[in-house]
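Okay, so chain A shows up in both of these, paired with chain B first and chain C after.
This part shows the complex of A and B:
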C-alpha cells in the first residue's frame, strides 16, 4: 500500500470501552462523539485487523479527529495512542498487552468552538506498534492525557472524539 | 450522556400507550442512583385509570433493592433483590415478567430472585414511563438517579442474556428479533430507535455521563488502489436485475 493510504477508520460506536475511566458516549448536534474528561485520563479502545495491504515498512500514523466542548483560544490538548497485537498465539486476551503510549505532545485546540481539529501520532513499524503486521488482529487505545503526564493539557471541558483514522505513514 | 432525574423536579419521560400489553416481557436498564432517599422508578407500563394494573422495574428507598413489580386482578407481587444497587455507581437491572405466576429480577447480571405469586391478569395498560409509574394515585415519579440504555423485549430473557447485558453489551445485540423498544437516552434524545416509541420529557430531565456500552457496529476498511502491473477488474451493477458482475480481463 502506498504511503498516505487509509488502513482503517473507527467511529465512536466502534469503541469497546475499558472497565474503568472510559470515554463516555455523547452526541453533539446528532453527531455521535466520545467525551474525554479534562482532569482524569480517559480511554477508548478500537479493534481491527490490519489490512493485507499494509506494507510494514514505514509504520502508521493515527489521526484523531476531535472537537472541544468549551475550550478555544490559546490552550492545548494532549492525546496518546498505543497498539496491542492480538495475533496467532501472541496475546492472552484475559489480560491487556498494549505497547507504551505515543503522544501528540501539546496540540492547540481549534480557535472556533465546534470546529474539528485533527491531531496525529506517528508509529514506526515494529515494536513501536507492538509489531502488528498485515493480517494481525490488533487493538488501538486512545487516551486523553488529561493529567499531563506526557505534556501539559490545559484545555478545560471535554475533548470530543469524532473519528479515528489509521493511515500508512 | 444519560438522562438525569431528581425527586425535587419530579421529572420523567412517558409515552401514551403501552409498548407491550401481554406477557411475557423483559425490561433492561442501567441505573446510577444518586441516593436512595426515595425509591427510584426505572421503567413501567401501567393503567393510569387504576392503581392496580402495572408492570414496573424500580429500586426501593433506603435499601436500594431492585424489584420486578407486577400487579393484576388477584394480587400485587414483586421479585426483589437482596443486594443493593449502591449509590454513586452504575448498575445493570433486568426484570423478566414471564407469566402471571413467575417474575424474576437480576442485578448486575446475577443476584437473581424469582417470585411465583399468582397476580392474575394485568389489563387496561395505557402508558409507558421512564423514571415514573403512572398509575392513578399516587403517581410515583420520585427518586434521584441517572438512567440509560433502557430496553424492552416481548419475551422472557434468560440468565445468560442477563449476564451479557450486564457486561455492557447493547440491547441491540441481545435477542434483537424480540426487542420492542430501545431508548439509549444519550444526551437529551429520548427516541426509541427500534420501535419508534419516542418519549416525551416532563419537567426537564437533565443529562449525565453515560455508562460503558458496546454497540454492534462494523469497522470501516477502505478499498485500495491496485499496485502497478495489476489489471483492474470491472464491476457492473445491474439495478433492475439485482446482480453484481465482476469481470476479469
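This part shows the complex of A and C:
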C-alpha cells in the first residue's frame, strides 16, 4: 500500500485502559475525549489488527488528535506511543510486552482553547514497532509524558485525546 | 502556623489544574509558573498572618480560634471568585 494511507483509526471509546494511571473518559460538548493529567503520566491502550495492505517497509506514523482543556499560551505538551505485537504464539497476554516509547518531543499547544492539534510520532518498520507486520494483532499505548521524562511538558491542565490515526509512513 | 507541606502544596497545584480543566478555563502560563504561584501564595499567607490578625476587630480577634479566623479568610477570598464557589465551601451564602 502507498505511503500516507490510513491503517487504523481509534477513538476514545476504543480505549482499553491500563489498571492504573489511565486517561479518564470525559466529554467536551458531546465529543468523547480521554483526559490526560498535567503532572502524572497517564496512558490509554488501543487494540487493532494491522491491515493486510501494510507494506512493512517504511514503518508507520501515529497521529494524535488532541485539544487542551485550559492551556493556550506558549507552552508545550509531550506525547509518547509504543507498540506491542500480539501475534500467533508471540505474546502471552497475561503480561505486557510493549516496545520502548517513541516521543513527539515538545509540541506547541493550540493558541485557541478548544482547537484540535495533531501531533505525530514516527516508527520505523521492525523492532521500533515491536515487529508488527500485516495481519498481526497489536496494541498501541499512548502516554502523555506529563512528568517530562523525554522532553519538558509544561502545559497546565488536561490534554484531551480526541482520536488517533495510524498511517503508513 | 508554618507554611504548608510539600505534599499539600502539590495537592493545591494538581487540584486547581483539575478544577480549571473541568471548567475549560484558559490558562496562559506553565505548570512550573503555576507551582511558583502556589508557593508564593502560601508564603505570603504565612508571612502576613500576624498582620491579618492585627487587622481583625475585637472581640473577634481575641475570642475566635485560629481555625475560625482561617475559615473567615478563605470564605471572604472565595467570595471574590464567585458566590457559587463560596457556597461550595460553607453551604448556602444568602
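The definition used in the following text is that the second predicted complex is superposed on the first by the 169 of 169 C-alpha atoms of A that agree within 3 Å, B and C clash if a C-alpha of one lies under 4 Å from a C-alpha of the other, contacts with A are read in each partner's own complex, and residues count from 1 in each chain.
Here is the rule we go by: a residue touches a chain if its C-beta (ideal position, glycine included) is under 8 Å from a C-beta of that chain, and two chains touch if they have at least 3 such contacts.
Just so we're clear, the structure is a prediction, and the values are computed from it rather than from any experiment.
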May I ask you to decide whether A:47 touches chain B, chain C, both, or neither, giving the answer as first, second, both or neither? first
By the touch definition at the top of the document, which applies to A:35: first (chain B), second (chain C), both, or neither? both
So, A:124: does it touch chain B (first), chain C (second), both, or neither? neither
Chain A: partner with more touched residues, chain B or chain C: B
Does chain B (first) or chain C (second) touch A:27, or do both, or does neither? first
Could you tell me if A:57 is touching chain B, chain C, both of them or neither one (first, second, both, neither)? neither
Contacts of A:70 with chain B and chain C, given as first, second, both or neither: second
Which partner chains sit in contact with A:3 here, chain B, chain C, both or neither? Use first/second/both/neither. neither
Shared chain A footprint, chain B vs chain C, residue numbers 35
Chain A contact footprint on chain C (complex, rising order): 10, 13-14, 17-18, 20-22, 24-32, 34
So in the complex, the part of chain B that touches chain A is made up of which residues? 1, 168, 186-187, 189, 209-215, 217, 219-222, 224-225
Show me the residue ranges of chain A that touch chain B in the complex, using the header's touch definition. 1-2, 5-11, 13-19, 22, 24-27, 30, 32, 35, 46-48, 51, 53
Going by the contact rule at the top, pick out the chain A residues touching chain C in the complex. 28, 35, 37-40, 69-75, 113-114, 153-158
